[in-house]
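As written, the chains take the letters A, B and C, and residue 1 is the first residue of each chain.
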Amino acid sequence: MMLSRRATEMVVFALFRSCAVLVVLALLVLLGYMLTGGLERLSIEFLTEMPRRANTQGGILPAIVGTFYLMVIVLAVSVPIGIMSAIYLVEYEQSSWMGQVFKLAIYNLAGVPSIVYGLLGLGIFVAYLGLGFSLISAGLTLSIMTLPLMISSAREAIAAVPGTVREASYALGATKWQTIWHHVLPYALPGIFTGIILSVSRAAGETAPLMLTGVAMSLHRLPDSFFDSFMALPYHVFYMATQSSDLLATRPIQYATALVLLLLVLGMNLFAIVLRKRYRDKYRW
Amino acid sequence: MTIAIHTEDLHVYFDKNHALKGVSMDIRMNEVTAIIGPSGCGKSTFIRCINRMNDLIPGCSVKGKVMVDGEDINDDDADVVDVRRRIGMVFQKPNPFPKSIYENVAYGPRLHGVAEMVDGKLKRRKHTKAELDEIVEHSLRRAALWEEVKDRLDKSGTSLSGGQQQRLCIARTLAVNPEIILFDEPCSALDPIATAKIEDLLVDLKKDYTVVIVTHSMQQAARISDKTAFFYLGDLIEMGDTKQIFEKPQKELTEQYITGRMG
Amino acid sequence: MALKLRKEGRRGLRKNRHLPPQEKLIQLALTIATWSSVVALAAVFGELMLGALPAFTSIDMIDFFTGTVWNPSHPLYPLYGIVPLFVGTLMVSFGAALIAIPVGLGCSIWLAELAGPRVKAVFKPAIEILAGIPSVIFGFFALVILSEWIAEVFEPVTKLNALNGAIMLAVMMVPIMVTVAEDAMNAVPRNLREASLALGATRWETVRHVVIPASLSGVVAAIVLAFGRAVGETMTVLMATGNATALHFDFLRSVQTMTAAIAIDFGEVEFGSEHYHVLFLVGLVLFVITFVINFLADWVTRRFKEDY
């Protein structure tokens, strides 16, 4: 029986190891296909030109610009609200009852399917507030969507600052906000920054909310204002892969667009991971 | 009097740190052997060598022999699982499993099963419920805990007081029928009353087991042990009869520690 | 000078009174910002209700929840039976769970108990990267590559089918499972493992009998959360499953999920029409389902939290 206990352990552990290998393999295969499929069409022209002939030629500049503008809106809206909420929840929240309500709301917001956010955006921003099918409608929708992520990253960063730092500040006679502004936030900033990058990159990759708030299939000029219609990278991948005029011929464009999106999002994520690691090593409490 | 544990030139390294420097000693059967010394002297490191718990620490390397019952437990052939069954350990902070009291004690026997001779061959089989019940009761009695918990064996082990939890951990160790039991500062997290109960238990256990106890309390060592070994900065400085160590220490370092001038 | 100190000292003993006016303003601003989350959640629910309300009156609710035909764009007799969509969602989600749960658990245990620090430093970022890939990319991969592989192996009727969606979803679910389950296992204190090993248990026996039971609530929460994400996923299933709305249980045939139905139909629906409102109703059903799943995950964690 001693041998069979040993043997069981070896078999089971080998199985677990192969699960891990499987997952890494899946990632590598996915990335590999995206890379090899997309490099063919990827070029400076592709990134800087407008599409021609119903998206079958030319570049994807409006999609890139559209995604960029969306990220700007998310940055402007969900980041400040998210950080402020995080500060409040960590530093000020006293009654447990209210704190529970907030926690519950944030937790549930995080679990809402992306298409339901699309419905929200359609109903409130497009229709009710009359913002129409525009960048601002889509951007605001994405902002609400990324709010939970922003709040939880910022919370983690702020809560990680040890209580001793706050105590030292209070002991010197500083007020609450002075303590937060001068002593807590500076230390939490790297973590918050990481959270910002992750949130914005999440927003950049979302498609479903855009579909209901007015993303366009093809535009011949770039957006003039935030109330203008727009293209976006993730939707462009979807549109080209499922509805473009010649699916097979435009395959390289589909791959290339997907690759641009992938590089953008992964680039931001990797940057955030590296940043977080660097600052974790620097600020070992 | 036979030797239960014999170590020869035992060295332990944690990466570059030379934690144990050539320790050679004999521990006798059916005695309580206390290991004393100031913090960081290698006491815990030493006993963790005996049941190969140091294997779990990354960067740790062990050189030298540890002979139990004539066999070197560090040998490549040695079955570490069997070593740990035969040499039990009770830890500084009581660590009952978040399971019922019964399950805590039955855990070990369930895994190891019963060894029987069937047709001249050694076979292992599962315990029957009745056998397990008996082992659990016997172990809890031996650990002086039975009377206090016999009516609530299905309650969680973590619902007991600190002292009771530690005795549960002892019962759990007894249940696998070891030959040697190692105690790593078992009372340091307990109040004086609980400590006294455990000390009485330890003295009682030596009738059937070999007891090795690491303690930072010299008074405890003096109270309950037959032999005492004094460690300092990774070296075994002196070992002998407890009475002799405390009344007539031979090495100066020992004397300094005993009299409180150092440590 | 002494007078001034005494006055300030007295003020300081009452809660928040010592905050100068700017601080109170700041606190107010922060409170308002935090309330935005609550408002947002209420807005989601409210908007869904508002949008779905006309549908409550214009179509028969029983037919909606039990109808087996979803054909809203029929010019004369539109049918709004949600069952095919519901079944489609369940098929891909359960199918994905069937793959993702064992693989995810295996990875979590490996990560928490077996992997050395160097390997971990490679594997954990890999999981994070996987988690960060936009769903449309997964959808694209499933559409273009994975479906071909499935077609070669299974020779199905169509290559865009439930199996395609389930497999791709499984890959997406694994990172969520691993992150949450690994955290739960890591939270089990080291001395419990030591106690088990000191009794002569093997490492696997320790994992099986001590670590997993001690982290069970976290592991179950991980499973439930991952399942909830699968149910709510849109782009991947939209691109991978073929979007045929017939009711069946064949994994090698095309299905449509609730999420995909909303996304696709909105391209052609008329603002304010009955179809438009029914889509909001589907959204409401989806919201309630994911809300319940998330609630379950949270409840399991809190109710069954092990103490050690």
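Basically, contacts are C-beta pairs under 8 Å (C-beta built on N, C-alpha and C of every residue); 3 or more make two chains touch, one makes a residue touch a chain.
Since this is a predicted model, take the numbers as computed values, not measurements.
Relative to the C-alpha centre of chain B, the farthest chain centre belongs to A. Every chain gets a centre from its CA atoms, and the centre nearest the mean of all protein CA atoms is that of C. Chain A and chain B have Cα centroids lying 53 Å from one another. A straight line joining the Cα centres of chain A and chain C is 16 Å long. With centres set at the average Cα position, the gap from chain B to chain C is 48 Å. For chain B, the set of residues touching two or more other chains reads 81-82, 111. For chain C, residues touching at least two other chains, in rising order: 202, 205.
Shared contact sites, meaning residues of chain A that touch two or more other chains, fall at 5-6. Chain C contributes residues 18-20, 22-23, 26-27, 29-31, 33-34, 36-38, 40-41, 43-44, 47-48, 50-51, 102-107, 109-111, 114-115, 123, 125-130, 132-141, 143-145, 171, 174, 178, 202-205, 225, 228-229, 231-235, 238-239, 259, 262-263, 266-267, 271, 279-280, 283, 286-287, 290-291, 293-295, 298 to its touches with chain A in the complex.
Chain B makes touch with chain C in their complex at residues 51, 53, 56, 58, 81-86, 88-89, 91, 93, 95-99, 107-108, 111-112, 156, 158, 169, 172-173, 176.
The touching residues of chain A, counted against chain C in their complex, run 5-6, 8-9, 12-13, 15-20, 22-24, 26-27, 30, 33-34, 80-81, 84-85, 87-89, 92, 101-102, 105-109, 111-120, 122-124, 127, 144, 147-148, 151, 175-177, 198, 201-202, 204-208, 211-212, 234-235, 237-238, 241-242, 251, 254, 258, 261-262, 265-266, 269-270, 273. Contact residues of chain C toward chain B in the complex are 116-117, 189, 191-192, 194-202, 205, 209-210, 213-214, 306-308.
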